[in-house]
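Both complexes below contain chain A, partnered by chain B and then by chain C.
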Partner chain A sequence: MRPILMKGHERPLTFLKYNRDGDLLFSCAKDHDPTVWFADNGERLGTYRGHNGAVWTCDISRDSARLITGSADQTAKLWDVRTGTPLFTFNFDSPTRSVDFSVGDKLAVITTDPFMGLPSAIHIKRIARDPEDQSGESVLTLKGPQGRINRAVWGPLNRTIVSGGEDSVIRVWDSETGKLLKESDKEESHKKTITSLTKAVDGSHLLSGSLDKSAKLWDSRTLKLVKTYVTERPVNAVAMSPLLEHIVLGGGQDASSVTTTDHRAGKFEAKFYDKSLTEEIGGVKGHFGPINALAFNPDGRSFSSGGEDGYVRLHHFDQDYFNIKI
Partner chain B sequence: MVREEQPNKLRWGELDDDSEDLDFLLPPKQVIGPDESGIKKVIEYKFKDDGNKVKITTTTGIRKLANARLSKRAVERRSWPKFGDAVHEDVGSRLTMVSTEEILLERPRAPGTKAEEAKSAGDPLAQMGKGGAVLMVCRTCGKKGDHWTSRCPYKDLAQPSETFVDKPPTETNAAAGGTKGAYVPPSMRGGVPERSGTDMRRRNEENSVRVTNLSEDTREPDLLELFRPFGSVSRVYVAIDQKTGTSRGFGFVNFVNREDAERAINKLNGYGYDNLILRVEWAAPRAN
Partner chain C sequence: MADVMSMEDLNASAARLNVDLDSLDLDSIRLPAGETFGIISDDEDLKEEEDFEFEEGFGNIIVVDNLPVVPKEKFDKLEGVVRKIYSQIGVIKEDGLWMPTDPDTQKTLGYCFIEYNTPQEAELAKEKTHGYKLDRSHIFSVNMFDDIEKFLKVPEQWAPPESKPYTPGENLQKWLMDEKARDQFVIRAGTDTEVLWNDARQSKPELVYKRSYWTESFVQWSPLGTYLATVHRQGAAVWGGATTFNRLMRYQHSQVKLIDFSPGERFLVTYSSQEPSNPRDTHRVVINIFDVRSGKLMRDFKGSADEFAIGGTGGVSGVSWPVFRWGGGREDLYFARIGKNAVSVYETETFGLIDKKSIKVENVVDFSWSPTDSILALFVPELGGGNQPARVSLVQIPSKEELRQKNLFSVSDCKLYWQSNGEYLAVKVDRYTKTKKSTYTGFELFRIKERDIPIEVLELENKNDKIIAFAWEPKGHRFAVIHGDNPRPDVSFYSMRSGTNIGRVSKLATLKGKQANALFWSPGGRFIILAGLKGFNGQLEFYNVDELETMAQAEHFMATDVEWDPTGRYCVTAVTSVHEMENGFNVWSFNGKLLYRILKDHFFQFLWRPRPQSFLTAEKEEEIAKNLKKYSKKYEAEDQDVSMLLSEQDREKRKMLKEEWARWIGEWKRLHEEEKLERQKLRDGEASDEEEEYEAKEVEVEELLDVSEEVISFD
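Presenting the complex of A and B:
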């Protein structure tokens, strides 16, 4: 395959997300402007100007009308996807690290970093249908985990929120009462910071990636460990194919050691694994920095990766990919 | 398919045996349709072996399959005006490029080889042992085919290997070396019997075959598998780049019997392996 290279960002990529129809790709980077691209040919549709810091994360509503972004400028913003105009700004006292719309787009979960003595927190906000009625009030605020919470996503039926972060524990919270329901088992859990967390299409299982050079597959309801994928690089990003039983891990050595070691030793490929056999299928090379973000097109026929090198690489799979047998 | 035979007055077969060359005498191929019901007709003419002309009419029903399903919304989004920085985009800015490089999903190993490799990688020693149990001679206790030297149960009881004993250099050595105090490798020092170091080196050089132009994925078990059919193999080695951990593309295979090595060279030199053409030759002993 010949990937499409998109060089819209001037700083390392942080997050990638497709909309539900799979025709738009949203990219966030440490420069201040999230960008939307056409997912078939990589043409840039627009940028969302208004943030004043690195943008860490974004999510798109199911109807592709609203975009929510979280930034290091201590805000999360709601945007009109079509025009790029900011509709509402949620102000926090610390950088926001992760955002996720609930099923139905009526709620959003936003996590904030520990900052200036403040602990990290998970906020649940109500998202109004009409931006005029939008308020900044939190429905619920969850506190407790030590260190940064790198990712929080909604569990099945919006009943729970699953979070993972620097303390390397995956937690399931009740989204109504805010009670901590489950914690991942100490023995089974990651040994280092959890960098990414993603849900399966049907929400039945979760995949987490960690700097301990592994990714783990969890049952969403029971939080039982199902599979572990071992790799030889810290994992910064994970993605699950919605079509095949494949997962992709992206990562690479620390950005700080890139210049001091042989470039071939960097291991900047996106690695494909079989989901159930935990067997490596192959690697896709191309980035010349660690991979920070990965996303699968909802049709499972293409995927994109964003790297520390500032490029988004959009890969449309060849036919061979669909015939791979282990 | 409908076939109509038309008896032809001309007996082409009598005129010329090479009937293929007469194809230009036939009426050209005709394609009719596809019409609104999706039926396409192709009319071709051909010579049969006996020289008769045959008209072949192929009728095909053609149905167009939608190969992409796009939601109406997605189609609508396609025509959205650009916004933000994308409005004033220079034509020359080339934000989106198609990679000039063909990127493949690189398989960790050639498809289909997994099972065997895993098996042999799991216990190459056991396999080598099976290949030639006699090979396994413990240098400590002299027992054959039971264990390797490093696993010898009597290892601790036996005298430490002389190689590592720092014996004072003898007069002969001093006379040969001339300069006093210069470093003399233990193997060159006097008083050490002929074996040990030199013996070890000879083992590495005897019947040694160098294999070059190996693919990066080739590992020692693969080489063993490739060379074992020619005879007992005593050592397989693939050079690995220490920095990257990938193969450097060459390796050595030692055979117990010289004839086996020769056969392997004859057979495998120029052999296609993993899309590369192997070069197999006698390993030249090092210059020193």
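Presenting the complex of A and C:
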């Protein structure tokens, strides 16, 4: 089906996330206003105003009541999804890069960039049920990895936190003690910056995308490498279909060199791979800049991509897609 | 060394120049390249020290022997003569000429010492005057003073050299005996150099040999594929062997930049050019010719770059490579280079000039050998503002007899194209129009093998078309031309025969508006690839010239190179590292089917291993062509087997992957199930895993809307 082009952001997209019901799509971009859209027809529902810098990331609580966003303005904010009012602001000393609610939405993990001599850090915050009781105290702060941490997500049962970033190593931390439990094997791990990390629906496995032109599938509990998907472009974004055994990789040539070459050279396609055979199934073209964000609707019947070009493209799959046999 | 300024001085001069030192970022200052402002860097200190050491030795002194023995009266005269000869070559040091005399007779001793300022000058003097004939009985014998030790060590008695027992070498042509008749190629990507089999049946290459840092700049196959040459700082080396690549021979030539094999791979030419110590001088060029098998230096040529730079432009520092072009077919009999107003032809028997003389040709600018015969084609441009016409002439070697000559008028440039069997020579002639403002192009076609070498003139239908590319069909009688204007030029095919008349050129076809700028004939002829490289983004058209039809159209985005394999069965298009993205190569069948695709970052080189000429006689080849069906049966069966095996393997592999995946999924499901309660606790008892909620139930509801009874009459 024809994709729905959603033009609401003025700057490159950075992150996309569906709520659990799959009726809302939240988008973050380098302009300062995270936006919520109807996931069905791409109509804009509203924006969340209050950030004063590029918004890098967001997450939605299970009941779709709370939104958390992380921004380059050195804050993370909690919002009321329905009214768009900011409920609380977490202040940091450096830009926040990723946020993730835990199972049960009582905790959130927030990563901050290395900035002005400060090293990058992973913070765990308690999220109060009533915003009145919310405090900015960190339950735990983890430090150690060199360079930026691009993404940190909760492991199964909130027992661990999995992080990946510029040092191209995936790490598993104990979320209680802050101890480093596991590191990805040097041989097997990515060779360049890990740009994205996403969990399967049941949290059992993780998919990481890297600038080394590959994506890797890991077991969340043991951090064993399960699969490797090789592509022709640096990978900026990854997503897993909740319905079929498919994954999507998005990326493209570095944004800084895009203008110097033909748009065909950039390969700004979202590429579909078979999850178990690691073979490419197909691609969805359309963006005229690298793809920075990808998200699957929880029903697995549509997905959206956000690009450096400032567009969100919402794709509802044709029936043919569900009949693919390879 | 510049004087070291103290901090006070620095501050003082800064104050004087009105410069605020605190606001100045010293690291940001970049001196223009080559400018030192009198500050000598540490590196150059080192270099100077080296030079200093040279001066300590006697590298700049030569010994000239076989001078006439003269009495005292004639001493000054002789000294004058010697000084005159040797000061032409370089600056003789003050008191640098010393001719000892016999203290008793006051006569000279027949030798002298000359000290130059630099060892380079001394070396040049040795090269230039060794063997110089002062008169019949006095032929100079010049040696470096430093060589004296070497001569002292010569044993008095001659001892026969020890002959080594013969050890049979490896079969260097083992690769030709591959059971599957595959071809090899070499690729260079990153620091790795790999030799691979092209296994088209399996749709993948198979590694033969891989080595990191095998070469320092590039690799090159010898023309018959026996050797792989690598280039290093100390010289060149060739590698080969039956199974792996062992080093067979080294050729010492420091700072070697370029290499070239003779067509029969008997000789290797190496080239280096050295930055002159004095920037006003030209580069110093050294060219060595080695015997490939023994590694013996057969002849060396030294001189300034200017001497080698005549004819053609470009290349390294003005020298057009190869400087020496090989002639006489595969026997490597002759090699030639172009000089000022002359073409020097050397023979490999003596490594000297034929008849000890160069062929004098005023203003010759270009020449080329016939690929099969010892015939030279020479081009002399127009002179005297058109008074003397331009000329193309064919010269037989070694007799130096002119076979044919053609004068051409108002010519701006000529290019010579030989057909690979040496049967035809095409001369592309760019002529001025009457206004002399623009040029148009025509062809002069020579039929070398016919009596008196008839020449035919061919002009394009549209005379103003620019020629973008020209290519002969290998071993054939056809040629292809891309002509017209970008972006959509036309491609025309011509034959040197017209129907039954084999003495006339005819046009076969013109393809209009093709996105092509390069032509690549299959080595077997018949098929050609019209390629649009660079500006055309890698458009490819596979064309059958026999049937005059397009077999396939394809694209290899950004392709920079097209290479046919030596048998003409496969073709490779490559994107080398001139582009940052897309590096790698595609392997196509001859009819344009993409077989496989390999991506490699920093991809530098792709070269098919050439094959030597077939040993089959022409009759045998014809017989095979006639009974192709019979011969191909065996291979078809093999193909079938391989494809069966492949699909079988593929199925197996898929099955394995699926099973393995199912195991993972099962494990994950189990763990997920185990953790279910705990998860519920985390969610404050919300009984809630997606799976359960999304369970779809089909419910059938029957609703009774209305009941009515009706009596239907029964008649």
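Here is the rule we go by: the second predicted complex is superposed on the first by the 326 of 326 C-alpha atoms of A that agree within 3 Å, B and C clash if a C-alpha of one lies under 4 Å from a C-alpha of the other, contacts with A are read in each partner's own complex, and residues count from 1 in each chain.
Heads up, the rule we're going with is that a contact is a pair of C-beta atoms (placed from the backbone, for glycine too) under 8 Å apart; a residue touches a chain by one contact, two chains touch by 3 or more.
Nothing here was measured: the structure is a model prediction, and the numbers come from that model.
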Simultaneous placement of chain C and chain B on chain A, clash or fit: clash
With the two structures laid over each other on chain A, which partner does A:118 touch: chain B (first), chain C (second), both, or neither? neither
First (chain B), second (chain C), both or neither touched by A:321: first
Between chain B (first) and chain C (second), which, if any, makes contact with A:4: first, second, both or neither? first
So which one touches more of the residues on chain A, chain B or chain C? B
Looking at A:282 after the superposition, I want to know if it touches chain B, chain C, both of them or none. Which is it: first, second, both, neither? first
After superposition on the shared chain, which partner residues are touched by A:104: those of chain B (first), chain C (second), both, or neither? second
Is A:157 in contact with chain B, with chain C, with both, or with neither (first, second, both, neither)? second
Thinking of the overlay built on chain A, is A:221 touched by chain B (first), by chain C (second), by both, or by neither? second
Where does A:41 make contact in the superposed view: on chain B (first), on chain C (second), on both, or on neither? first
Selected from 26-34, 134-142, 548-556 or 674-682: the stretch of chain C that, after superposition, runs into chain B: 548-556
Overlap of chain B and chain C contacts on chain A, residues 261-262, 264-265
How about chain C: which of its residues touch chain A in the complex? 537, 557-558, 580-582, 599, 654, 657-658, 660-661, 664, 668-669, 671-672, 675, 678-679, 682-684, 689-690
For a test of understanding, state which residues of chain A touch chain B in their complex under the given definition. 1-8, 21-24, 33, 35, 37-38, 41-49, 63-64, 82-84, 261-262, 264-265, 269, 272, 280-286, 313, 315, 317-318, 320-321, 324-326
Residues of chain B touching chain A in their complex? 70-71, 73-74, 77-78, 80, 82-87, 89, 94-108, 111, 114, 243-246
Partner chain C, residues of chain A touching it in the complex: 20, 62, 102-104, 106, 156-158, 200-205, 219, 221, 226, 232, 245, 253, 257, 261-262, 264-265, 275-278, 298
